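Next, two complexes with subunit A in common: one pairs it with subunit B, the other with subunit C.
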Partner chain A sequence: MRSWRSAKAIRLGEAAQWGAGLLLFGTVPLLGKSYFVTMANEILVMGLFAMAFNLLYGVTGMLSFGQAAYYGVGGYAVGLLLSEGIVPFSVALPAAMVAGGILALVLGPLCIRLTGVYFTMLTLAFAEMVWAVVFKWYDFTGGDNGIQGIPVPDVLRNPLRYYYFTLAVVFVCFWILRKIVESPFGATLQAIRENQERVGFLGVNVRRYQLAAMILSGAFAGLAGGLFAGYQRSIHPDMLHWTKSGEVILMSILGGVSSFFGPLVGAAVILFIEDMIGKYTEFWEICIGSIMLAIVIFFPRGVIGTLGARLEGMRGNKGAGNEATRS
Partner chain B sequence: MGGNIFLAQLLSGLTSAMTLFLVASGLTLIFGVVNVFNFAHGSFYLLGAYFAYQAVAVSGVGFWEGVILATLGAGVSGAVMEYVFLRRIYGRPGEAGFQILLTYSFILILDDVVKMIWGTDYKSISKPEALAGPLYFGEMIVPKYDIVVIGVGLLVAVGMWWMIKRTKFGRNLRAISSNREMAASLGVNVPLALSLVFGLATALGGLSGALSAPVRTVTPGAGIEVIIGSLIVVVIGGLGNFWGALVGALIIGEVTAFGILYLPQWAILFSYAVMALVLIFRPEGLLTKRSAAR
Partner chain C sequence: MKPPVLEVRKLSRAFGGLKVTNDVSFAIREGELSSIIGPNGAGKTTLFNLITGKLIPDSGEVLFRGERIDGLSTAEIARRGIGRAFQITSIFPERSVLDNVLVAILARRKMTGRLFRRATSCTEAVRESMEVLDMLSLAGKVNEKAGSLPHGDQKRLDIAVALSLNPELVLLDEPMAGMSPEERAGTVELVRRIWKERSLTLVFIEHDMDVVFLISEWIRVLNQGLLLAEGTPEMISRNRDVIAAYLGEEIE
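Entry: the complex of A and B
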C-alpha cells in the first residue's frame, strides 16, 4: 500500500483505470477498421485468460504451465455443444466455465501434491495429456482438423455485436476477479504466496485454498476459451498447445504479475508484437523467446512493474519499489 | 501373444528406455547439483540430433565421430547457456519461477535456431553399415543397433555412478549439492563445477539425440516431447535421484512399448497414468525417501 497517498486517492485512481479501460475498448470500433475490432477482441479474450492465470501465479504464487488445457477445454465445450446442437449459446458459454472448473477439479489434486518447480512441471505434463486426447480423439473432437462453422445465435453473428458482448462479459469477469482478490479468501491466497508454511501453521488448509484457486482460474480460462470459440466460430487443438500456456505466462510477466491489470496490458503488447513480427518473418518464436529472456534478466518484475518502481524511485520515495506495484 | 513378440517388445522398450535415461539422468543431475530445473533440456537432445545429422549426412563424417561431435556440441552449448545466462539469476528471490521462464525462452530460441539452419523438413541419418542388420537369437530377431544403444546407456549409467561416487570431481559435486556455501568456503570452485555439470548433463542429452537420429526422424519441436517424457521419468523415479532416473526410464520405456502393442493410439496415456499413480501413492518418487514433496 502506498501509505503516502490517501485511501480515497487510491480508490479514485482505480476507478480511473476502470473507466479508461472501458472507454478505450468501448471506442475501438470507432476507428472504423475491422482489424482493430478483431485485435481488441483477441486482447480482451487473452487478457481474461492471462488474468485468470494470474490469480494462480501473481496472487497465489503457483506457476502453472498448463493453463491452455482449461482454455482449450472451454473452447471445445462451446464448439461441441453448439455444433451438435445440444444446447443454446446462453447455456454453452457458462458450460465452458464449468468445463474448465471441472477439469481443474480433476487435475488440481494431483498437481498440488507437489510444489514449486514440480508443481509447474506437473501442470505442463497433464495439460499435454489433455492436448494429446483432444488431438487424437477424432470421433469426438475432430482431431487435428478441429471444428469449423460453429453456429452462434443470429444476435451475435455480427462481429461488432460479438465484440461488445465480449467486452461486457470480460469486464464483469475482471470485476469478479477483483472482488475475489480483495476478499478474505483472496487475502489468504496472497498469504499463501508469501509464506505457505506459515499460513499452514495458522490452521488454514493450504491445499484446499490452492485447489480453489486452480478451479477458479480454470473456470475463467475456460470462459475465455468459450468466448474465443464463439468469435472465431472454429476451434483447433492448438488452443491447448503448451505454447499457449507459455504465451499467457509471458503476457502476465511482461505486464507485471503484481498489478491487477498488468496481464491485460501484457496481452495487448504481446498480441501487437506477434502481429507485427508475423508480417515480416515466420520465426516469431525466437523473437518472443528473446523478449522473455531479456525480461527475466533485466526486468524481473515485469516491464511495467520495473519501470513503475524506477519512477517511484525517481520521485524520491525509496523503498516503495517493492510495494508500489502490489495493490 | 507369442514369446518372441513379447521379447521383441521388451527389447524395444529397453532401447527407448535407454535414450530416455540419457536425457533424464542429465536433467536429474542438473537438478541435484545446480538446483535448476532445466526446462530446455529436451532442446539439447534436439541439438544433438541435428548436430549428428549435420556431421554425418551433410559433412560426411563417420557415424561414431558424428555422435561424438554432436555430444560435445550439445555439451558446449549447455555450458555456455549456464555461464552466460543462467548464473545471472542464481539466488534471486523467486528463483524457481525465473529458472522456468529463462529455460523456457531457450526452448523457443533453440527451436527457431534449428528451423533457421536446417529447415522444418523431417531429417534422418542412416545407421552405420556394420550395425544396420539384425542379429538372430534362435528364432528371435534383434536389431544390432538396439543392442548398441542399450550398451551405451548402461555404460553411461555405470560411468556416471563411478564419477559421482569415486572421483574427486564427484565428491565436490556431492558437496555442492548438499551445501553450496560450505563447499565454496572449503575451496571448491563452485561456479566452474556448475558450468561443468551443466555441460556434462546437456552432453548426455545431445548423445541421446544423436543416438536416436537413425531410429527416429528428427524434427524441430521434438524437444518438448522429450522434456515431457523425461519429466515423467524423473517424477516417477524421484527428481534429483540418479538411480531413480534409470528405474523411471525402464518403467516408462516398457509401459509405452507394451501400450503400443495393445492400444496404439492411446499408448502415450499409459505413462501419464503411471505418473498419476506414483503421485497419488508416493509423491516424492519411487526411489526418494522424503523431501521431494516439499
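Entry: the complex of A and C
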C-alpha cells in the first residue's frame, strides 16, 4: 500500500489536505454572499456529523442507522439549556457533546448485543423511540413545534462570526478524530472492523471497544447538533428523524468511508445537490438517487476513495513498478 | 516429569445428535511439541474451539495450569496465555502486515485503550512487532496490505499474530494447509525453530503425515470424536487401531 512512499511524503500529503480544507472554508466569506456562508456552515456541521458517523462505520465497521438521535439530542441540549437560561453558551455546547455521549452510553449496550444487520435495525428502532419522545413531549421539548429563538451570546450573533467559530470547532474535532483513528485505540477499532472474532482471540473485550466507539461517535454527533442549533437558533424534531440518519450514511458512502475526509466531501456534494436542484424541483431526491447509482458503479469506494486509489495506482506504476496493492 | 500445561478431562460436545467431541481426556506436558491427527470430521478443530473458548463444552473440563478455563471468554483465555492460529487464515486483510502484528502486541501490552499517540509511534511495540515479523520471514513486507500477500505469507502472518501474544501454549490449526512443498519444508523448520527458541508448548493439527511424524514428539489421534490413541510417533505408527481407522497400510 505505501511501500513506495516514504512516511514523510504521506505526512506532507496530509498536511496539504488540511491546509487546502482550511483555506477553502476560510475564504468562503470572501465570496461576499451570505448564501455561501450559510451553505459552508451547513457543510461543516453535517461534515462533522458524517465524520462522527464514520468513526463507527468506516473505522469500526458498525453500520448505525440511528445516529440522528445523538445529533438531535445535542441540538436539544443546546436549545433547552439556552432558552431556559440555565447555563451560558460556553457550557451548553460542551453539554451537547456530553448529552450525545451519555445517550450512546445508555443505548449502546442494548445495540451491540447484536451484530450486522440486526445491530443496524436496533439502532434504528432506538433512534425512532427517542424521536417519538421528542416529537410528543410538548411540555419539555415543544413537540413538533420545536423551539425557536434560542438566545446565543452577542459575540456569536453575527452569522459570519458564528461561521468562523464553527470552522474552528469543527476542524479541532477533525484533528481529534484523526488522532483517535491513528492511536492504538483506533488501530484496535480498525482491527475489529476487519475481523472481530480474531480481536477477541487477542484478549481484547471487543464489545467494550464497540461501546467506546459508539460513545465517541455519539458525542461528536451531539456537538454537531449543538453547533447547528446555535446557528439556526431553532431546533425541530426533524433533527432526530430517521431520514437524517440516512443522510449521513449517504454522505459517508458517497464521499468514501475508507478515506478520512471522505464523509466531509460527501456532505458537501449532497448539500449542494439538495440546494441547487431543490430550487427547481421538489423531486431532488430522484437526482440524489441517480447520483448514488452512478457513484456505486463508477466510484465503488466513494469519490475520494476511488480517486485516491487511482492516483496512487498511477504514481505506483511510474515508480518502482510496485503494483498498487490497494485493489 | 513436568506438570501438564493443559489438561482436558472427559470433554464432550455434540452438534444436534452428532458427538463431535466424545469423552476426550488427555494432558499436554510443558514444552511438548505435539500434533493432533485424524480424518476429516474427527473433531480436531472443534477440540481447539473448546480449548480456546469459542465453543462451550456440554460436559467435561479444560484446565490450563491447573485452573479451569472452560466457560471463560475467548478474550480471557487468550489473556491467560493460549494463542491460536487458524485453519482458515484469520488476519486483518485491509491492514498492513505491521498493523496486523502491532495490534496484537498492543493488546498484550494492554495499550489498546490509548488515544493520544500514534500506534506506530509506540516504539517498543513496533520494535517487538518487527522482531516477530522477522522471525517469520515477513520483515520485508511490513508495509504491504495483509490481504494481498500470497497464501503462504498469510498463513505465516496468522502464526505471527498468535505468537505476538507471547503465549505459553500455541495451537496451530493446519499451519501448512495449501502451501507448496517448498513452503511446507520451510514452515516446518520455522515452527520447530520458534518452538525451541521460545520454549513454547506447541500443538498443531496437520494432515501431512510426513510433517507430523518428522517433528512431533507426541501424537494424538482423533477419530469420530474419540481419542483413539496417543503416543510417540513410533508407537502411533505401530498402533493397530490407528492403522485400521485412519492411516491405512502405507505408513512409512
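Throughout what follows, the second predicted complex is superposed on the first by the 298 of 327 C-alpha atoms of A that agree within 3 Å, B and C clash if a C-alpha of one lies under 4 Å from a C-alpha of the other, contacts with A are read in each partner's own complex, and residues count from 1 in each chain.
Simple rule for what comes next: a contact is a pair of C-beta atoms (placed from the backbone, for glycine too) under 8 Å apart; a residue touches a chain by one contact, two chains touch by 3 or more.
These numbers come from a predicted model, not from an experiment.
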Between subunit B and subunit C, whom does A:Phe185 touch in the aligned arrangement: first, second, both, or neither? second
Answer with first, second, both or neither: which of subunit B and subunit C does A:Leu202 touch in the superposed model? second
Just subunit B (first), just subunit C (second), both, or neither: which does A:Ala168 touch? neither
Once the structures are superposed on A, label A:Ala15 by its partner contacts, choosing first (subunit B), second (subunit C), both or neither. neither
Contact-wise, after the overlay, does A:Val91 reach subunit B, subunit C, both or neither (first, second, both, neither)? neither
Interface with subunit A, subunit B side, in the complex: residues 37, 39, 85, 88-89, 92, 96-102, 104-109, 111-113, 115-116, 224, 228, 231-232, 235, 239, 265-266, 268-269, 272, 275-276, 279-280, 283, 292-294
In the complex, subunit A touches subunit B at residues 57, 63, 65, 110, 113-118, 120-122, 124-126, 128-129, 132-133, 136, 242, 246, 249, 253, 283, 285-286, 288-290, 292-293, 295-297, 300
Within their complex, subunit A touches subunit C through residues 1-3, 179-180, 182-188, 190-191, 194-195, 197-206, 209, 258, 325-327
List the residues on subunit C that touch subunit A in their complex, please. 52, 54, 73-76, 78-79, 83-84, 86, 90-96, 99, 102-104, 106-108, 111-120, 122, 125, 143-145, 148, 161, 165
